[in-house]
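Chain nomenclature is as follows: A, B, C and D, assigned in order of appearance, with residue numbering initiated at 1 for each chain independently.
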Amino acid sequence: MKKFVNDPADVLAEALRGIQAAHPDLRVDAENRVILRAEPTRAGKVALVSGGGSGHEPMHGGFVGRGMLDAAAAGEVFTSPTPDQVLAATQAADSGAGVLHIVKNYTGDVLNFEMAAELAAAEGVQVESVVVADDVAVTDSTWTAGRRGTGTTVILEKIVGALAEEGADLAAVAALARRVSEAGRSMGVALTSCTVPAAGRPTFELPDDEMEVGVGIHGEPGRSRVKLASAREIAKLMVDPIVHDFGDAVGPAIVLLSGLGGTPLIEQYLLYGEIAPLLADAGVDVQRVLIGDYITSLDMAGASLTVVEADDEMLRLWDAPVVTPGLRWGA
Amino acid sequence: MSAAVTTSDLVAWIRAFRDAVHQQKDELTRLDSEIGDADHGSNMARGLDAVIAKLDVAPASPTELFKTVGMTLVSTVGGASGPLYGTLFLRMGPALAEADPVDAAALGAALRAGVEGVIARGKAEVGDKTMIDALSPALEAWDSAARDGASPAAAAGAAAEAAARGRDATEPLVARKGRASYLGERSAGHLDPGAASATLLLEALRDALAAAE
Amino acid sequence: MKKFVNDPADVLAEALRGIQAAHPDLRVDAENRVILRAEPTRAGKVALVSGGGSGHEPMHGGFVGRGMLDAAAAGEVFTSPTPDQVLAATQAADSGAGVLHIVKNYTGDVLNFEMAAELAAAEGVQVESVVVADDVAVTDSTWTAGRRGTGTTVILEKIVGALAEEGADLAAVAALARRVSEAGRSMGVALTSCTVPAAGRPTFELPDDEMEVGVGIHGEPGRSRVKLASAREIAKLMVDPIVHDFGDAVGPAIVLLSGLGGTPLIEQYLLYGEIAPLLADAGVDVQRVLIGDYITSLDMAGASLTVVEADDEMLRLWDAPVVTPGLRWGA
Amino acid sequence: MSAAVTTSDLVAWIRAFRDAVHQQKDELTRLDSEIGDADHGSNMARGLDAVIAKLDVAPASPTELFKTVGMTLVSTVGGASGPLYGTLFLRMGPALAEADPVDAAALGAALRAGVEGVIARGKAEVGDKTMIDALSPALEAWDSAARDGASPAAAAGAAAEAAARGRDATEPLVARKGRASYLGERSAGHLDPGAASATLLLEALRDALAAAE
């Protein structure tokens, strides 16, 4: 295993040390493994709390800051945080105006956030939750745990964070979160496995001439394994199911192409060069584009595409100032 | 031996479970690599280490023991298995609060409360390819053994066997719950890691109670 | 080779298509492979032009925009651009106030920029050049082509770009560029090789238990191959030679820890968690920190550390607004 | 045959160089992987393909030919080799402007002008482990053969041999120029890729002139 690590058991604690050292705007609660804004939540502002397993950086800790999250609970690698962690994040972030939990749809995340929300409610904190489930690779979602939550989470955190910053109340913040969540679709492709530090070897073996289509962000194998294809063909494998899932013509959209951690930016741009015309052909009116490593799967070579149908309010909030390690503009 | 299970027998169970998970840690993670995210072994090992650290002071009752175990698992494991195993123990505790002696029937009732808690949390049914596929048959086997007057150790033996069969039966299944469900048809052909750890749980109980006899 | 590519020969042209599709603020001159701001250089503003081989993204194209570069010439992968390209970038960017060439010290870059500068001068464009040579891994620089130019380039482009934006003249801009260049030191470590698309296989083979110390950004082997070490030991291998090269106590500094393309952010943070205390022990007063993939070597797993001793002016200019795909804040 | 080299002989040289580089492309890149950045083969191949595309219209004179070759290499190769090979040809052209006939002495003088241009640009000396280690001895061998009255083909043969010896001599050297110099001591034990391509250049000249005889 070729990684910058000391003891694999300490990866999370030590990465949090680095985050604290690098970002004076953030405060790391090392005991609870929670990343917070250094400044307490403004009175009256609804707090946004997210979290999940680690290994997806900059998500979520890198999205804590003005205009986006108030706190993020960091679980072990690929392991959702515990209710205690989420509760600590929730209580620390709450200014009295309530807290929105942004949860990705994985059994572990859903259960742990659910328990945390119950505990927080018992402590008198108002909590609303939104569960993101945008991965169109999961087609049989009615009979199963449903779709996974992936890239839409990033876009949601940005847009809804901006609304919260404007002072909207919890109901309005939660309503917008649900709208964004429903407007997003994602699809991921992996060229290699990733290596979980504690496991010490790749999660799966993939021959040199094969790739995994329809992967999530936890190094799990995808929906199908196919022959390695050209960027042009891969772009189609990503765009088609998303466009198909939208059904009707898609309106104005925000598009995120995220590398999965082991794919350099030059390849991401090349891939986007293939994706853009396909989206245009499908009638998607791309208004904003984000390319880079925003939601990752450790060192996996691969990429995920997210399309969020965005109305004027969402676009306005997307453009609003944001100051986080992972996304920063307008201030 | 008597048919009554003591708190220290149950502590021995938890210790045996921890040891079994450590021994099978890589195998549990390997199973989770096939159809999941390669962390089930480390998740369970981390949680049970935390549990053992809490057991330095002997708990006064089964109820107290299971509360400690459940709370600790919930607060240290994370993932799907943390809340589910945590709930299992958190629900077992109260079910034993009035039990005196803690006999096969009482333990069976506690187990039932625990498994029902897991089902209520996780919404899985038998056949969904989860730990429930090991836990549910184990419960049935326990109850039927207890009805036939089996000792706790014998009931646990029957339950462990049933769990192992349930675990093995997960192999051909297509997962409908947990992250293995994202693989669709590809989840078939592999054992469910949670069913494997749940089998270790019942086997540890069998061994701890057998040693106490 | 597991990459998002079509024909390896088309990597650069196709990546540029993606850049153009993603960034309406930029204009890609596909024929000359030059990336420009969409808005022409403001009259009277000195233009900053850089460039180099591709495969280091976001450098340089991702640093074109307000507050940083005016144009970047993109060579083939790891191959410096030709004089024609640099000339095209220079002429397109010049507003009449002159152009600063920011060149990394590699024979190819130096020669091609030199020829371009001669050609531009012949066309009546005032050109000044700064050559960045900050890589302390190269110790015998007196007898050779000198040190390589690495991470200091990013910091220089940001700081000097801000001064140019303020309207400073070419002499002042070039003088500051030389000051920043002299104030920077870098050191890189690779855990794996990278794969040049046209070559189709890793540039070097590295056993599972070894790493390369003192690498540049072109996938070349490093100064020495040693046993794979812990993040803690690696941090020391990076910090020590930099601090040693500074000699005297280092003053306030800007620090860049860049992934080399295949190393995920969680590992970069973990590594920085080890670097920060070492810098503090060495008396480096870290004022600003940048962590992420800023100057890369295709898909190489590894990281490079850059320390630039920064006076108040440099810090002020560092904080000034910048709007590029790769760095964005304050606007 | 006469001792006079025609423009079309020189076009044949460039074509032969292009073919040799294509045939050795992977090997040149492999050499550059050892002590550089794995692009010398593709750099040279790309540039020479562009050159060949420009030669559809036959050039009127050696001077025009070399100007086209030099300009095209400069504007399509990039890297260190682009300006250096480009300069070589750009300097050779004017040196032949007055030469009539283009005999061994004239070609030798052109080569000298070219190599001096490369040295002026790149500041490398023999022993620095660069293309100069092949080009300089080739030049000496050419001149001495020409002084002895050798035909252009024979002079080119001597030059090609000297280039190959010079290339081989780069193996033990520690590089002092180009990116191989960053490797320090580790650059020893490998051939220099530019010396290898320069040898192909002289061998192509030898073959083209031999074919013309």
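The definition used in the following text is that a residue touches a chain if its C-beta (ideal position, glycine included) is under 8 Å from a C-beta of that chain, and two chains touch if they have at least 3 such contacts.
Only a predicted model underlies this, so the values are computations on that prediction, with no experimental measurement involved.
J.: Relative to subunit A, which chain's C-alpha centre is the most remote?
T.: With centres defined by C-alpha atoms, farthest from subunit A sits D.
J.: Measuring centre to centre with CA averages, how many angstrom lie between subunit B and subunit D?
T.: 75
J.: What's the distance between the Cα centroids of subunit B and subunit C, rounded to whole Å?
T.: Distance between chain centres: 55 Å.
J.: Could you tell me the distance, in whole angstrom, between the mean C-alpha positions of subunit A and subunit B?
T.: Whole-Å distance between the two chain centres: 32.
J.: Counting only residues that touch at least 2 other chains, which ones in subunit B make the list?
T.: none
J.: Using the touch definition from the top, which residues of subunit A touch two or more other chains?
T.: Correct list: 77.
J.: Looking at which chains touch which, would you call it a line, ring, star, complete or other?
T.: line
J.: I'd like to see which chains touch which, written out pair by pair.
T.: A-B, A-C, C-D
J.: If we count contacts the way the header does, which residues on subunit D are in touch with subunit C in the complex?
T.: 29, 33-39, 42-43, 46, 74-84, 121-122, 175-179, 181-184, 186
J.: Applying the document's contact rule, which stretches of subunit A touch subunit B when the two form their complex?
T.: 53, 75-85, 106-108, 111-112, 114-115, 135, 137-140, 143-145, 148, 196, 198-199, 203-204, 216, 218-224
J.: Within their complex, state which residues of subunit C touch subunit A.
T.: Interface residues on the subunit C side: 2-6, 11, 14-23, 54-55, 57-58, 62, 77, 191-192, 208, 211, 228, 230-232, 234, 261-274, 276-277, 289, 291-293, 296, 298-299, 301, 303, 323, 325, 328-331.
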